[in-house]
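Below, subunit A partners subunit B and then partners subunit C, in two separate complexes.
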Partner chain A sequence: MDSLTPLPLAVSLLGAAGLTALRGVLGRRVFELAAVAVSAAVALLLAALLVASIEAPIVYWFGDWTPVDGVALGISFVIEPLGAALATLAAVLVTASFVFTWRFFDNAEHLFHVLMLVFLAGMVGFALTGDLFTLFVFFELMSVSAFSLAGYKTEEEGSLQGALNFAVTNSIGAFLILAGIGLLYGRTGALNLAQLGEALAGAPPDGLVITSFVFLVTGYLVKAAAVPFHFWLADAYATAPTSVCVLFAGVLSELGLYAVARVYWTVFDGAFAGHLPALRAIVIGLGTLTALVGAAMCFPQRHIKRLLAFATVSHVGLLLIGVGIFTPTALAGTFIYIVTDGLVKASLFFCTGILLHRLASVDELGCDGLGAVMPLTRVLFVLGGLGVAGLYPFGTYLGKSLIEDEAAVLGYPWVTGVFIAASVVTAGAVLRVAARVFWGVGPGDAYDIKSEAEGDEVQPEGSRGGSGSTPASMWAMAALLIAAAFVSGLIPQLAGRVEVAAEHFVDRRAYADLVLAGVPPPEVGLPPAESSFKGALIGLASAVAAGMIAAAGLWHMRLPRTITRGATALLGPPFARLRALHSGHVGDYVAWLTVGVAVLGGLMAVMMG
Partner chain B sequence: MSFAPFAVAAWLFVIGLYGIVTSRHLIHLVICLSVVQSSTYVLLLAIGYRTGAAAPIFVDTKPGAPAVDPVVQALTLTDVVVGATVSALLLALAVQVHKASGTFDPDELDTLRG
Partner chain C sequence: MSLASRRTVFLVAAVGFAALFLWGLAGLPDFGAYDGVYGETLNRVALRQRHATNLVAAVTFDYRGFDTMGEEYILFAAVVGVAILMRAQRDEEEDAPDDDARDRLTPRTSDAVRVLGLGVFGPIVLFGIYVVAHGHLTPGGGFQGGVVLATGVVLVYLAGRYSALRGITPGASAEFAEAAGAAGYVGVGLLGLLASGTFLFNWLPFGTTGLLTSAGMIPFINLFVGLEVAGGFVLILTEFLEQTLVVREVDSGGPEGKRERDRS
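And then the complex of A and B:
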């Protein structure tokens, strides 16, 4: 199995290079088939590694440069189930995107497939590496390919501006990461995660360690799009091709959170363990802010991709709370939520892609009732909304309830309220779109706050524009992913198994022993199966409440006058101000980024110093 | 080892950010981003610097002769490659933006407001 370890990365990179070389030679269909074959092979290899890593984590040293006396000069891949699961999800979504775009990009754009494979290589390396600098290199690899994919439609103004905002903000995030790496290397002389953790353990964190932590974490949070680093996300996600959005919303943001958890638990845990309550308060606070801002920005959108983008911001906030609780159980919940929510979100973006294909528009009001000709897509879209709400048995309910319960145990019972609020509002927005677009429910001009980012200007992807039928390859992918999310909640003992993996993930000493000395980690027993009846109940209530919110969004004219007037007076000005902040101006975004770094650094210094 | 290189790195980072925030021209903005990035070069090289040591080229030096840290130089080199890629991509995007919108001024690009 060891020799398989570098293969997923090698296959995707060599596949990309090979396809570039052969693009003039191969016919269109053969080329697309080859791209699907490469990404499917990567997915299978990663799945095999995932299964193997559940038995025992795999450490692979490139060129056999194994560490000597705890000093690692070589570069390692460390494969454990949580990272491998994210990499597998990435490969599955790339494969699904390739199938989805089958005959979709009519203007035979070969580079799309090549860029996607390079993007996949970046994500795979990012999820598997055990070295801080390599983590940066893969971060850049996936970022640069993501920038070019976001700006893929070079003839569109919005797409280019979205890509530009994306590239500038994320590059600054990357420079912050590099500065953090430099400071840590100056202190420890190490770049391997395990060796860094050993070098920092035992001493309380000083200014340099806290500074490098803030730089690294903010860099990753720019990618994850936590408030106030999130501004670029809606621009990039709303304007990128739909098949790329699937990857962005399904796994890219989540990889940023994965890096925060990975770096904390392998490098900083030894130094920060005594300050955990302060750190917990900061990260949970940031997650809460992100969840609420995302939800508030999500609901008023009429551009469906932009709406889903802000839903992603909101869910990133919830996931950040899960990471920020800093316990294995919450981490297990976070990973279950990441994977299941990634599947749901990807399916919703695929459904939006079908809308774009059939109606040549993703404007909610513009599509009013026109979706009625797509009986299958509307079922999938509604299922997606219910998945966002966390209705049993969608796996999302399980992830959320694990995080909520753990937060309550640690003295944050109000986190449950944040989860319910964010889920209800985002799911309500999705259900409202479904009702209006697919059933034509509600009056057509029902908006207090007119969206300036209207969907009308969107060009149809590919050249066919409004088309008469949905190819099976399109709805099959949306159906497959939502089905996977649906049954994931039914896997027996899923929570327990992921918790075992999370226990290993957070054990810094065992990780260091494994990487630096080859000592296998201690056994962790499977925790007893708990029924999460309460979580299922919350999910059901959230779904019902989401339906009510959706109805309120559709028929708010019919609500009693006093309620609407009161709500407008109360919520109108802050909403307008919040929307005005999302100016689409890259300078503003960078200013917010700078403020965010300063505030986070200040909070850390005050609460931990 | 003086603090001067670290002060230079911090200055480049901050002044580059200031340039990006206040920029009225996308090409200027991309160059400012390169200025921010050059602060990371300075930081990395400063970290690996040893007073009186030679460059880490071990061809005709005696074993044990002092040399500056080659690891950070490798990191910087990687960083330079990354920087070239990002700058090229961003400049290409800026040119495309100009083609599509007819302006280089970020203040006039308002397709994505709200």
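And then the complex of A and C:
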């Protein structure tokens, strides 16, 4: 198994370079087949590593530089189930995207595949590494390839602008990460996560430790798109090709959150353990803000990609709450939610890609009723909405209920309310789109909310103008992913198994012993199976409520006057202000990012310093 | 936000940011009081272990060679990204290369620049190769040498014409060099895997310290990185030049207009 460890990364990088070198020689069909083969091979290799890492975590030292007296000379991969699962998800989504875009792109399509493979390598390395600086290198590799992928549709107005906003904000995030690494290295002389954790443990956190934590976390949260670092996301999603959005929404944001959890539990846990309640309050607060802002921005959108983008922001907030509870059970819930929600969101973006292919539009009002000719996509889209709501047996219900229960135990019972609110509103928005686009329900012209979709001409991807049929390669991918999310909730003992992995994930001492001394981690028994009946019930209620919200969005003018007037008076001004903040001006985004760092640092200083 | 309010928000936040940063910096060891365990350890063992007189090269291409592979691919991705973003659009067409912008005349390249450029071209390329090849002995290596090599190609354009530049980097040769260099680094890693069971293991004999043939695989990695960097920079250069010299926006009528003009 050991010699398998570097292969996913080596295969994707070698594939990218090899395809570039051979692109003049290979025919288009062969080239695309080769790209699919490479990403599928990477997915299989990662799945094998995932299975192996469930038995025992894998530590792999590149160049055979094993640590000497607790000092890491080289760089290690530390493969445990949670990171391996994320990497596998990334490879599966890249493969699905390749199949989805089969003979779909026009000029320079070759380079698209090359860049996607490099992007995949970046995500894989990011998820598997056990070194803080390598985490930065792969953060950059993901970023640089993602910037160009976001701007891929250069013929569209705003595409380069979206990519540029993405590039500027994320580069500032990268600078912050580098500054954080510099501070930590200056103190400890170490870059290995385990060694850093050992060096920081025991002493109470001082200014350097707190500052480096804030810088690192901010950098990762820019990628994850937590408020107020999220502004770039909707711009980038709205203009990126849908097959790229699948990856952004399905796994890129989630990797940012993974890095927060990884770095906290390996490096900072020893120093911060005594201040956990304060840290918990800060991160849960940030997550709540993100979940609510995302939901509030999601519902009024009529540009379907922007709508899904803000749904992603909202769900990132929920996931951040899950990370911020800082317990293994909540972490297990977060991971179940990350993977299942990633599958649901990816499927929804594929469905949107089908809309774009058939109708040459992603404007909810412009597509009013036109989707009636697509019975299959209609079903998939509705299923996606129900998955977002967390209807049993979609695995999303299980993840959410684990986080909610754990939050209640720790004195945050209102977190359940945040989860329900965010899920209901975002799922309601998705269901509203489905009802209007696929059934033509609701009066289209009476809708008065202005949207960025207005005047935004969207070029169909591939063919000009609408197309008469949906290729099987397109709907099959959407169906496959939503089916995977559907059955994931039925896997026996899923929660217990993930909890075992999470227990290992949060055990900093065992991690350090494993990496620096090769001591295998202690056994963790499978926790007894718990019924998640309550979670399933909440999921059902959320789905029903989402349907009602969707109906309210469609027929709001039929509601009693007093209700609509009251709602407008109450919600109108703050909504308008919130919308105005999302100005598309990158200077604004940077200003808010700076505010975020200062506030986060200030809160940490006051509550922990 | 208006410019004024954006500035206000930013400046207020920047004060907080600066305070936080200073608080963090205050926690660093005092000037000159460095006791980094990594640097100390490597200073003690690296020369003996790897026979590379440039310890930085030993760290970047061997101890932490995996990072450098990722960094090489960051450049690779950036170059591919430039090529994607600058590809010809539907409303653009490629014209015969024209060294002058259409709307203004540029002076002819002076004889002094031509003579100097052509005269320096050879030495620059030679120097680039030297810097790449001696990366494990003296400061330099693949990244720096590759850029120097690409500068030589820039000189050909400056001293001659665009067609001369394409003459020394025909077709997709720069792209091929870039891809081959990137693949080569991974190939070295895989050779280590085959030879010893560990990716990027430095399994060649380390030779005599100070000689060109020392330090095992490090010079080979430098060669591949040099190839990748030189190819990548030349590719970026030709992409930008193509954008200004070759690609023209179709004036009217979109692709149809182009086809009509092609016929006439």
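A few remarks follow.
Keep in mind that, in the parts below, the second predicted complex is superposed on the first by the 598 of 609 C-alpha atoms of A that agree within 3 Å, B and C clash if a C-alpha of one lies under 4 Å from a C-alpha of the other, contacts with A are read in each partner's own complex, and residues count from 1 in each chain.
The definition used in the following text is that a residue touches a chain if its C-beta (ideal position, glycine included) is under 8 Å from a C-beta of that chain, and two chains touch if they have at least 3 such contacts.
The model shown is predicted, which means the values in this text are computed figures rather than measured ones.
When the two structures are aligned on the shared chain, A:605 is found in touch with subunit C, with no touch to subunit B.
When both complexes are overlaid on chain A, the residue A:191 reaches subunit B and subunit C alike.
Counting residues of subunit A touched by each partner, subunit B versus subunit C, the larger count belongs to C.
When the two structures are aligned on the shared chain, A:17 is found in touch with subunit C, with no touch to subunit B.
In the superposition on chain A, contact is made by A:239 with subunit B only, not with subunit C.
Once the two complexes are overlaid on the shared chain, A:586 sits against subunit B while remaining clear of subunit C.
Of the two partner chains, subunit C is the only one that A:112 touches; subunit B does not reach it.
In the superposed model, A:133 lies in contact with both subunit B and subunit C. In the superposition on chain A, contact is made by A:157 with subunit B only, not with subunit C. Of the two partner chains, neither subunit B nor subunit C is touched by A:277.
When both complexes are aligned on chain A by C-alpha atoms, subunit A residues 133, 137, 140, 144, 147-148, 151, 154-155, 160, 163, 179, 183, 185-186, 191, 580, 583, 585, 587-588, 590-591, 594 touch subunit B in the first and subunit C in the second.
Contacts from subunit B toward subunit A in the complex involve residues 9, 13, 17, 20-23, 26, 29, 33, 36-37, 39-40, 43-44, 47, 71-72, 75, 78-79, 82, 85-86, 89-90, 93-94, 96-97, 100-101, 106-107, 109-114. Chain contact summary for the complex, subunit A toward subunit B: residues 133, 137, 140, 144, 147-148, 151, 154-158, 160-165, 167-168, 171-172, 174-175, 178-179, 181-183, 185-186, 191, 234-235, 238-239, 451-453, 457, 579-580, 582-588, 590-591, 594.
Interface residues of subunit A, counted against subunit C in their complex, comprise 2-3, 5-6, 10, 13-14, 16-18, 20-21, 24, 60-65, 68, 71, 73-75, 107-108, 111-112, 114-115, 118-119, 121-122, 125, 131, 133-134, 137-138, 140-141, 144-145, 147-148, 151-152, 154-155, 160, 163, 179, 183, 185-191, 206-212, 214-215, 580-581, 583, 585, 587-588, 590-592, 594-595, 597-599, 601-602, 605.
Interface of subunit C with subunit A (complex): residues 1, 6, 9-10, 12-17, 19-21, 23-29, 35-42, 62-67, 69-71, 73-74, 76-78, 80-85, 87-91, 171-172, 175-176, 178-180, 182-183, 186-187, 189-190, 192-193, 196-202.
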